[in-house]
Amino acid sequence: MIFLQYVMNGLIIGGAYALIGIGLTLIFGIMNVVNFAHGEMYMLGAYFLFTFFSKMGIPFFLSMILAIAAVMGIGFIFEKGILKPLRGRSIDTVMLSMIGLSLFIQNLAMLIWTPVPESIKSPLPMDSFTLGGLYFLPQRILVIAVAILLVFLTHLLLKKTKIGKAMRATFQNLEAASLMGIKIDRIYSFTFVLGAGLAGASGALLAPIFTVHPYIGNLANLKAFAIVIIGGLGSFTGAVLAGFLLGVFESLGAAYISSGYQDAVGFILLILILINRPTGLLGKVGQTR
Amino acid sequence: MRGNRSIALIFLCAALVYPIIFRDPYFLHMAILGGIYTLLAISINLLLGYTGQLSLGHAAFFGVGAYISSLMYLNLGIPIWGGIIAAVFGSAILGFIVAKIAFKLRGAYFVIMTIGIAEVLKLVALNWVDLTKGPMGLTDIAAPKIDLGWAGLIDFGQKMPYYYLTLFFVVLSVLLQYRLVHSSYGRSFISIRENEDLAASIGIDCYKYLVVVVIISCSIAGIAGSLYAHYVSFIDPGVFVFFISVNAVMAAIGGGQGTLAGPILGAMLFTMIPEWLRIFGDARMAIYALVVIFIVIFMPKGILFYATQLLNVGKRTDGR
Amino acid sequence: MVAELLKVSHLTVRFGGLTAVNDVDFSIFPEEIVSLIGPNGAGKTTTFHAITGFLGKSAGKVDFEGRELTHMKPHQIAAQGIIRTFQITSLFPNLSVLENIRTGHHMQERETLLDAVFNTKRKRAVEDEALARTMEILKFIGLEGKKEVIASSLPYGEQRMLEIGIALAAHPKLLLLDEPSAGLNDTETQGMKELIKKMRERSITILLVEHDMKLVMGISDRIIVLNFGKKIATGTPDEIRRNPEVIRAYLGERRRDVKS
């Protein structure tokens, strides 16, 4: 029974992981950008929630929406201000620029919010309730509920909307998409903002569960990359699958092996995948260059 | 070529007399750290500047070298001389393993793999408390004293002897880099960066050369780690942090990747830059980040390139 | 009966549901100049890839000087003496013309790591020899005057020449040229033709993939024709010129073009 509890806990966190993974796989897959600043969007989502809800007293759910919107706004600025001018530069240049950007945002956050870790007290009831023999905390239910909702909405967006189709076309063949009249600039902006928003949502959702400090983006970033590679670059379903998988494996790993190595689970899975199947569980074959 | 050799000799002489002129312990301290970073920069340069592979996880090999050397001393009583050799072996073996598993990977995948390795090792250092004492770290990693009898005692616990020790390894590595680059090995490394398929078609076993360069690169990083450990006499899992990997890459790029003098210049810069930024207090890392962004975007060929452009001296990007 | 230099037997290459090369047999004899021709998509470059190890074979084998080349990696096949050029211009872009050719000389330089590190007498002798040979090749391809020029800034025609120079530096016994005259004007093509003849005079056997029929007819001892991955004809230029299947294969392609 307790095994199922661990699995359930893992799935819940996995939902948030899926969100941050989807964002990155879309950015990496469609824009071919190794977005090392992705974790910072996660961190900002958490901090914005803190500022809006804990500091300014704005109602919780509204704060979450505002936080996500704020992160999307920042994502928009980054895309237009930094990524767009860098288009055409080598992938190393873009990668290192994003690393620099991530370092900058982290330390800016440290200056704005101080490095003292904060905690956000969720307004939801603190008592867990049981369902089918398993314990659930309301905040965690919120996480998985919102995560599933956002995954579903993103899926609909990609599959049914015009812009979603344009995104998928751009992912498959940039030249052809551009020749067909798809405005690549606009797709890139949209993709990045969407990715940032999902990462911000992930951060805002997990913020009341874990502590918030300026460097939480680092680990989130690395896990996001692990998820993207494990799931397969550019694969939406892969990112979702890998996100949940990572959550569950981390939970089980922490419970049965050692909690100190919990964060290593993602890396170990990543390294295993890179050795055996670099294109990931659901990725396109032959894309490791 | 002759001109370059003279310049190199001048720098060597300057380096040899430096501690005699600048006796201030702070200057010596900076020079020693600069030397250690030069080793890291050279190790990155071999990989990035010549074979074109970017590693953002070199802290892994630096840290492994540091821990192995420290544990050799603390647990087995082996002084730094043995420690460095053990560190080289350890880092080389780790590098070999990484090269084997990552050899099919290029670009971003290779980068992420290297980052992952450094992070895993950091977690191992944090959690394997029996071996590494976890977050408490290892202390009292002493540097040896050599009793030369009539010539006196050389105490490597003092900054000046340690400076010369570090300089010794820097010169060795610079020479190694030079010799490698001006050999068929160097040409093979460069051919991997320039056009792997073409290289294979003329008989270059790219995999073998990649493994060789990784092992050499990691060994040098291991030496840097060992030197660091016995200098600061205390290490903790912080030797694996991302910042070290990033700073090493910045040193290689900022100085000028694919050149011989670049890593030295870059390392000196990127040892000093975090120091100069201290005046900004808490904002120091944020400004460092801006420096990183600036150099990566506007000076990707490194300061050496743009400086020589200014001075209109022809220096090519293939290491001559 | 002269032993064949290269023997391709039942070569088949399949990928993604497409059979690019279908049960192809042919042999190349020493010091021949053989052309491999066929409409676009006939499988010519794929055949090159399969022979030189850049693509895996689905079936069949390739023998060189009696030795089987199966499972060898490209650099190992190059070490056997088969050197190839590429359809798309393939150079070491940031290196000079001299350095490009120098790199091609790699296999001739028996240098160990210790040689490199300690700059031994042997290494220096090897390097001197390599430099001499490089200068010789530079003269041979006519790029002597441009030896310090960075490869990426050479005009297209000279880049193609440089590619041949790099391949020559690798001491080929058999040289596989993939569309050497692609994009060259008439003068340059003539120059390429002369170069190929001169190479044969140095006992290099040459197999080329080509679209320029004038060049093919003018230089080949034999021609092999592929269409849709299958060998449809082989013979002297005269025989091929008059072969009805070959004509049909090419006309068929032209008809498709006219339709669209």
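For this structure, a couple of remarks:
Letters are used for the chains, namely A, B and C, taken in the order the chains are written, and counting of residues starts over at 1 for each.
Operating definition for what follows: a contact is a pair of C-beta atoms (placed from the backbone, for glycine too) under 8 Å apart; a residue touches a chain by one contact, two chains touch by 3 or more.
Note that the structure is predicted; figures quoted are calculated from it, not measured.
The chain occupying the central position, as judged from C-alpha centroids, is B. Among the remaining chains, the Cα-based centre furthest from that of chain A is the centre of C.
Inter-chain centre distance (chain A to chain B, centres taken as mean C-alpha positions): 33 Å. With each centre defined as the average position of its C-alpha atoms, the distance from chain B to chain C rounds to 42 Å.
Chain A and chain C have Cα centroids lying 49 Å from one another. Contact residues on chain A toward chain B in their complex (touch as defined above): 28, 34, 86, 89-93, 95-97, 99-104, 106-108, 110-111, 218, 222, 225-226, 229, 258, 260-261, 263-264, 267-268, 270-271, 274-275, 278, 288-289. Listed in rising order, the residues of chain B touching chain A in the complex are 54, 56, 101-102, 104-109, 111-113, 115-117, 119-120, 123-124, 126-127, 242, 246, 249, 253, 282-283, 285-286, 288-290, 292-293, 296-297, 300.
The touching residues of chain B, counted against chain C in their complex, run 176, 179-180, 183-188, 190-191, 194-195, 197-206, 212, 316-318.
Residues 52, 54, 73-76, 78-79, 83-86, 90-96, 99, 102-104, 106-107, 109, 111, 113, 115-119, 123, 166-167, 169-170 of chain C touch chain B in their complex.
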